[in-house]
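Written out below as structure tokens is the structure these notes cover.
Every chain is named by a letter (A, B and C) in the order it is written, and numbering of its residues begins at 1.
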Amino acid sequence: MTDPRFFRAVGPFTVAEIAAFTGAEIGGAADTALQLADVAPLDTAGPRHLSFLSNVKYTAAMGQSKAGAAFLHPSFAARAPAGMTLLLSANPYMAFAKAAGRFYPYPKRPGGIAASAVVDPTAVLGEGVSVGHNAVIEAGAEIGAGTDLGSNTTIGVNVVIGQDCIIGANVTISHAVIGNHVTLYPGVRVGQDGFGFASDARGHVRIPQLGIVRIGDDVEIGANSTVDRGGSDTVIGAGTMIDNLVQIGHNVVLGRCCVMAAQSGISGSTKLGDFVVVGAQVGITGHLAVGSGVRIGGQSGVMRNVPAGTEVAGTPAVPRLQWLRQSAILARLATKKDK
Amino acid sequence: MTDPRFFRAVGPFTVAEIAAFTGAEIGGAADTALQLADVAPLDTAGPRHLSFLSNVKYTAAMGQSKAGAAFLHPSFAARAPAGMTLLLSANPYMAFAKAAGRFYPYPKRPGGIAASAVVDPTAVLGEGVSVGHNAVIEAGAEIGAGTDLGSNTTIGVNVVIGQDCIIGANVTISHAVIGNHVTLYPGVRVGQDGFGFASDARGHVRIPQLGIVRIGDDVEIGANSTVDRGGSDTVIGAGTMIDNLVQIGHNVVLGRCCVMAAQSGISGSTKLGDFVVVGAQVGITGHLAVGSGVRIGGQSGVMRNVPAGTEVAGTPAVPRLQWLRQSAILARLATKKDK
Amino acid sequence: MTDPRFFRAVGPFTVAEIAAFTGAEIGGAADTALQLADVAPLDTAGPRHLSFLSNVKYTAAMGQSKAGAAFLHPSFAARAPAGMTLLLSANPYMAFAKAAGRFYPYPKRPGGIAASAVVDPTAVLGEGVSVGHNAVIEAGAEIGAGTDLGSNTTIGVNVVIGQDCIIGANVTISHAVIGNHVTLYPGVRVGQDGFGFASDARGHVRIPQLGIVRIGDDVEIGANSTVDRGGSDTVIGAGTMIDNLVQIGHNVVLGRCCVMAAQSGISGSTKLGDFVVVGAQVGITGHLAVGSGVRIGGQSGVMRNVPAGTEVAGTPAVPRLQWLRQSAILARLATKKDK
């Protein structure tokens, strides 16, 4: 299935090993010593493959699958074919994600500094740091052990990056303190000064932005996204996942484990709680508070505070059910004969 | 007209040569040996310039033009001034595009690898490949004959790029197989892993993305656009034109000759047919099917499948005429006195 | 307050010096020889700090502030605590911006060309130009005195950049003439050819774009924004401020001192007057005229010309008050019981 030019599975792992690092419970035929060589979807998996069922609509595929082992919810155990080793989990997709990550870890380059890289003698690099070709690390920067910096990437003065981070190629970072296990995809820009200025009839004058960007552990930021610094710190909470081409304005604070889909943006000084889900192309204006667990539909324009746990959509954003009704009413008015 | 610091016309070409490579039919005064030195708009063109008429509103300008030769539709031949050599074509703008491309081909650098470039010894470069300053080509990559790689660009392990491609400066490519005559503008990111993860109350875990990105012949992708890889291959069909800052999510399949205007985006696993036209800032949600020939108005949010050959607009996207009526009704309600 | 790893105030400056370079009038306790060491907000400022009051809601904070000196409007002078040196200004925020810029000027690197930079021998560099690591300057380019080019940045053939510009890291510039005091943030792409092509049933053929990009003095362009060239020149007027991830299409003309917020975009050949304010994620279609002083609300889609001095919002954009009414009516219809 996978193209061996680009991907190669690590392994094999036994069923017992996989159960151990995913927390799944072993059921079914239960050959715990079975060596699993790779992951695969239910329909193409063979006897040495690990698969999963996380969506009811694939239940039939499960019944006919030749997978050696599969993650699934205990309530579906009876639908599995005889002979399949079952890995029972309340969240089989999560279990599969963890297992697949073991088979296909990020292919780190061997530690070491490329001959063409420019590393300031005052920079401090931890053990096993890998610095790509033509990368630049400026004075005083600190790079944690095991971190991998891509080619043609630029790390500014005194930037701090934690351990085991993956910083892609052609990235720019300045004025930032970054945690551990952070992934920045190619073309990310972190730490440039935010869009703040004073204006009069003669024009605009920038306000110096004297805060920095703080990025928590396990954060991921997608290709060509931008994170500005402001007057106070711009903060991205641990575990937050940010897609491509996203704009994080200055002084914005994101809580833990938020999700921001592609091309969404947050204007200056807005604060999000934890586990907020922001749809693609959403815009959130400045100086707002968006509570934990809020879900914002794609392309919405949020112009007011949003209470925790609610779901909004539309421009201006309103409760999601209201937005659905608005759209339906408008459609009905437009298709009425005698209007 | 053109600034000679930045542009220099190749040529001259005779009328006969131009007719031959554009397929136009020679009419009018028809001096087939006339040497044309450059292209120019009707109003500024002189006797050694090649021009065109493709829009009725410039018919008067045609009548007064001093252009030595011009492409035009046969039905307008009578409006041309005496003495102008006519190049008759059913699509004069296309004919002009082809001719102008001959006068102003992409200014390729002489083949050769810049001294500062880093090319892995296992990479395979075709004849006449040009590698820009500080560009990086990693192990096993294959670059087809005549392809031009810009400065500070990073080509990942085992990436395949076809012949006569133009890869701009500061581009990043990984996990991709790219056809011939492809143009990637500066800052394009191809092949990073898509935005897919499993979630639970503790956070999010990435799913390894084991597909690659496949880009067909003659594709163009605009500056700072991003194309992710997914679980299955992300495919951009031959001849598709993509503008700047566009997001192509993982597993997306675009057909042949689609057009995506700036800042539009497509979420994961959506499939487009051929010759789909996507307006600027459009968003298309995931797992949809958009038929061939569909036209999507600017800023629309497409949330359902769209049948081939139709035109939609709005968020949520509806048939274009309905959207126009919706907008008109809303405007009328808002401007009624007694509402 | 500020992290000394990333920021260090220049100075101190006396009250008299600050009054002189900001044009403020000295009032209150008026110790003109007082040495001010730094800037700070009213609530955290101490006796050697310079602060400001520009928003009525901080009047109470002003009354209790320990700041040694502060900018404020003359009408608020009576609210200031005894002992505070007052710097009276009709626009205290502008005065503060100028003063803060003196305390925190852009930290220019010492002039000089990094050993790893590639500078074509025919390029002309003014006095004190700084060229970052692995930056590339191609043949014939001219870089004005005091300009600072970031690392891994690529400057194309014959590009002209004025004096005292700040060009960030990982930037790409081609086919452009740029004024003085211009700031381009990391990842900006200037001068690639615009999205123009002829189409027929066989596909699309690019039109060569023979204009260039002209950027006036004091312009700022945010991270990962893109500015295309077209058939005629793309122009960004002096003093215009552009945020991150903004798209400026080919042949677009922006007047003086416009403001474009993040992720907004302008399609080909549209012209804006002076001091136009474009909200975040706004889209403006091609070939339009937007008058001076127009304000466009966030996420709007402008599809018609907009008269000078007006305010519009919505998609399609309508006068702002009408848009507010439309939104209110729609909400009312959707929340009516018996609808």
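Definition applied: contacts are C-beta pairs under 8 Å (C-beta built on N, C-alpha and C of every residue); 3 or more make two chains touch, one makes a residue touch a chain.
The structure displayed is predicted, hence computed values, not measured ones.
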Name the shape of the chain contact graph, picking from line, ring, star, complete and other.
complete
Where subunit A and subunit C touch, do the two copies share over half of their residue numbers, giving same, or under half, giving different?
different
With chain centres defined as C-alpha means, what is the inter-centre distance between subunit A and subunit C in Å?
29
Interface hub residues of subunit B, defined as touching at least two other chains
116, 134, 152, 170, 187, 224, 245, 263, 281, 299, 315, 330
Can you list the subunit B residues touching subunit C in their complex?
1-3, 5-7, 91, 93-94, 96-98, 100-101, 103-104, 107, 114, 116, 132-134, 150-152, 168-170, 185-187, 218, 220, 222-224, 238-239, 241, 243-245, 256-257, 259, 261-263, 280-281, 298-299, 314-315, 327, 330-331, 333-335, 339
Along subunit C, where are the residues that touch subunit B in the complex?
116, 118, 134, 136, 140, 152-154, 156-158, 170-172, 175, 187, 189, 192, 195, 197-200, 203-208, 210-212, 224, 226, 228, 245, 247, 249, 263, 265, 267, 281, 283, 285, 299, 301, 303, 315-316, 318, 322-323, 325-326, 329-330
